[in-house]
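One chain, chain A, appears in both complexes that follow, with chain B as partner in the first and chain C in the second.
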Partner chain A sequence: MSLKVENLTVYYQTLRGDVQALEDVSFEIADGEIMGLAGESGCGKTTLAHSLIYLSPPMKYVKGSVQLDGRNLPVERMQDMVSFRCNDISIIPQYAMNALNPIRKIGKMIEELVEAKKMDFEAIKPELLRRLDLVKLPREVLDMYPIELSGGMKQRMVMVISTILNPSLLIADEVTSALDVASQKAVAEMLVEFRDQDCTNSMIVVTHDISILYQIADSIMIMYAGQLAEKASTKTIINSPRHPYTKMLISSLPEIGVKYTDKRLEGIPGKPPLLLDPPIGCRFRERCPLAFDKCEEVPPFIEIEENHFVACWKETEDLA
Partner chain B sequence: MLKLDKVTKTYRIGTFGSKELHAVSDVSFDIKDGEVVSLIGESGSGKTTIGKMVLHLTPISSGTILLDETDVSALKEDEEKEYYRTVQGVFQDPFSSYNPIFKADRIFEIIHDIFYPDVDEEAWKEKVHKALKDVGLNPEHVLDKFPHQLSGGQLQRFLIARALLLDIKFLVADEIISMLDASTRIDVLNLLAELKKKGLSILFITHDLSLANYISERAVILYRGCIAEMGTTEKIFNSPRHPYTQMLIASVPRLDQKWDKAVTIEENSDPIGYEDGCVYYGRCPLAYEKCRERPVPVEIDTDHFVACWKVTDPHT
Partner chain C sequence: MKRYFGRKLLIYLLTFFLAVTIDWMIPRFMPGDPVSNMLTRTSVNSNAYEVMYDYYSHVFGLDVPVWQQYLNFWASLFRGDLGISTYLFPTPVTEVLLRAVPYDIALLVPAILVGWYAGNKFGAFAARSKWLDNTISPLGYILTATPYMWLGILLAWFLGIVVGIFPIAGAYSFSLAPSFSWKFIGSVLHHWFLPFVSLLLVEFGGWAIGMRNLIIYELEADYSKYLQSLGATNKLIRNYAFNNAVLPQITGLALKLGVIVAGALVTEVVFSYPGIGYLLLQAIQNQDYFLIQGCFLFIIIGVLLANFIIDILYIIVDPRTRRGMMGEAS
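The block that comes next holds the complex of A and B.
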């Protein structure tokens, strides 16, 4: 088991009280698994990704534990996480194209980063060059400034930097969202390539685009308003989802070849609740067509079939 | 309705404007009454520039844009107001379309003050309520709120309601749903489809092919400011002929089939040979000698135009 998260709860501190952005999240990721993490904006997917690696104020650790390869990750202590970052767990940040220092040549910037980790740049360089070949970047980019690269190239450059120390877990936060379809495909395929080449053991791919996850992920976890809704293999989530939110989300996606004249798709009425004062029980209750009395209690995240977890009373009432 | 004829936009770049950048070159297409036409392209393909020229927000370097009988490039300042009664735009980021200091309904007040100063408060309020209902919002819930109290989808529908207050005939929708969540974006799309039924023509600018396919009858594929392919949506999506369109469609992530590994050809950071030749020359797997000349869109089938020598002139 590569990653094991138990009851992780993280709030944002604000003047008006705590925003309950992540509530009792428990899940596991297997060795070599690429897990997609999907949901609407504000559902807590980025909060989850960040709290695993850089839990900084205004984020506030409330409870829960994180284990990586059997070792406890001290996510609540910023300083103690330093030795884990990049070495064991690494992130490709959102808007990675803006993550490069504009006034340093890329090679120089990497050198500084590696030295900050107290490592020898020359020892790492052969591997760095091999990785550049892997993502199909010319080696000359090391002598270029970020402005000379296109968005897709910068994205790939950041991917190389994030994985250069072979982390056990890589978090890719919305890496494909700002790219054109052609670059999107190339970057997504490279993520899989990174896993296949053992640049990283397992991966969390955070995105709002489920069709991308269908292409690359082994499993998909759906979040709603800070709670987990469903986790299962990619095939199961797409073809036979059980949580009403997942069902509605999947059916609202326009696919190529679908026209409104033939098949009118429906959205999900309503909007996500404010997490400053979230509703008691299942947070999807207000928008859920199936909601009943029981939903005033928080539904447990239960395994209904092998590797298929759902948090919905309609599905789990008999089991619980 | 709208007719673009050899529209070109050139920017001067470099020191003292010594170089020219063709953001849009020789683009011609038309949009009929009550039709939705998608303008599809990657970033930098000139799709937003075309939208801005239609909205008279940026001048046209050469060529003409005709809306019914009005020549957009020749609009005088005092004619602009009349033009905007019939043509309006909605843009990508709903959050930056509002002034966060004022309540969101201020956008309606501005329309009231400028275009309908004679309408009294009561009648105007009714008109606003009707427009909000038309876009599927409950006026009770959304009026008298600040922009941050509304969701992206609501703000975007507000902007469409604002455009509807003006009895417009033409809407430029520039990436209006790319910032919205999957659960709300489909509602905005369906709204556009409703408006279309009522006779509104829409220029739907997007980079997302599945959305374009869902909403539009015709599509125009742009690459580096030139039309690569255009025609009815069925023809473009089911039998694309231009190598760029074929590559684009194969790269769209789908839920019913996995990607074919081989087909992606990425943006070349240093494209060569496109100054006078085909703009796709640097990336095209089929490029040959003839492609040093710029291809023009040729009608290969009823309402299906392709700008590619391999397709239109296969014998050379």
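The block that comes next holds the complex of A and C.
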């Protein structure tokens, strides 16, 4: 088991009170698994991703534990996490286009980063060059300033830097969002390649683009309003989802070969709740066509079939 | 590269021409004229007044039409002749200026450079520590908001009069004649200290505040956050932030150095320190066209030169300018 998260709860501190962005999240990621993390804007995907590696104010750790390869990750202690970052757990940030220091040559920056981590740059360099070939960047980029690279090149450069120390877990936060469709596909394939070449053991791909996950992810985890809704293999999530939110989410995706001129593509009526004062129980209750009395209690995230977890009373009532 | 500098040079020449023209015009907009001012000061009797007025007007070239005065001004400027001071008649303006410039340089260069260096280092340091930021930064705001002359007067009053350890006027003791003796040099340093400190304090405060804000901004930048999430040491992150934050500070320094000759006008007035600032005030009070022109010419040249140097320096310290320039050339 690569990653094991138990009851992780993280709030945002604001002047008006705590925003409950991540509530009692428990899940596991197997060795070599690429897990897609999807959900609409503001559902807590990025909060979850960041709290695993860089839990900084205004984020506030409330409870829960994180284990990586059997070792406890001290996510709540900023300084203790330093030695884990990049070495064991790494991130390709959402802002990859601006992630490089504008006044350092890229190679020099990597050298200084590696040496700041008390490692020998020369020992890592051959692998660095190999990785550049892997993402189809010319080796000369090491001698360039970030301004000389295109957005897509910077994105790939950051992918290389983030994985240079072969972390056990890589978090890719909205890596395809700012790219055109052709580059999206290329980047997505590179992520798989990185896993296959053991640049990282397992991976969390955060996105709101389910079609990308369909291409690369082994499993997909759906979040809604700070809670987990469903986690299963990609095939299961796409073909036979069990949680009403997942069902509605998947049915709102366009399908190839279907014309939408006559039939309007359906969305999900209503809006997600505000997390400053979220509803008790299942947070999807108000928009759920199947909601009943029991939904006023928080549904447990239960394995209903092998590797298929759902948090919905309709599915789990008999099991619970 | 060549094209870049060629274009820059053209812009500088054009700016120089315009600035010098304005410099020539400004004193002539003042009511009154230098010759009558000079004659009133020497209280010439009324019979001789008209004769002497015509004579001096001719000597200073003020008896020809304005457009010709302007052309004559440019002609003599190219010969390196700035005219003769009416206030310190018959000393040439060039000589008056050259006598004052060393005092300016000795006073302002150290004050600005030390203030810049210490202010930046300190500001960067304060940005990391909440405790320091809460105590010293307000002090910086007070220092930088303090008018030079007020701080100067306070220092002169306290250290010069109440405690009485520093002289409050002049560049050296009035009882000494300039010479290369220890006694004279000691006296110069003694007189130099108060104006230096009053300038240094204000400079220091300004740079420290600026640097503190820039560093905080840089530490919030995406590249800093990325390094943090990769577990880089705080030292590396701060170094990067400092290198980025210092760029605008360099521009600021250049502009400060450029106005060096005029910069400390009020300080020099408060301490009767015989630099160009003090000279400029005297020149304006006495309607000395030529001395005013000379002082402003120094400022113009100073600002343009400093800007030019900074253009070059930027190419060295900021790769983005360098690459941009090469792209333009190709």
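Throughout what follows, the second predicted complex is superposed on the first by the 314 of 320 C-alpha atoms of A that agree within 3 Å, B and C clash if a C-alpha of one lies under 4 Å from a C-alpha of the other, contacts with A are read in each partner's own complex, and residues count from 1 in each chain.
Everything that follows uses one rule, which is that a contact is a pair of C-beta atoms (placed from the backbone, for glycine too) under 8 Å apart; a residue touches a chain by one contact, two chains touch by 3 or more.
The shown structure was predicted, so the numbers you read here are calculated from the model rather than taken from an experiment.
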item	value
Touched partner set for A:R16, first chain B, second chain C, both or neither	neither
Chain B versus chain C as contact partner of A:V181, first or second or both or neither	first
Chain B or chain C, by number of chain A residues touched	B
Which of chain B and chain C A:G267 touches, first, second, both or neither	first
Chain A positions touched by chain B in one structure and by chain C in the second	148
Chain A-facing residues of chain C, complex	221-223, 225-233, 235-236, 240, 243-244, 247, 317-320, 323
Residues of chain B touching chain A in the complex	42-43, 151-154, 181-187, 189-190, 193, 207-211, 213-215, 233, 237, 247-249, 251-256, 258-259, 261, 264-267, 269
For the chain A and chain C complex, residues of the former touching the latter	53-54, 56, 81-87, 90-91, 93, 95, 98-105, 112-113, 116-117, 145, 147-148, 158, 161-162
Complex interface listing, chain A residues touching chain B	40-41, 136, 148-153, 180-186, 188-189, 208-212, 214-215, 238, 248-250, 252-260, 264-268, 271
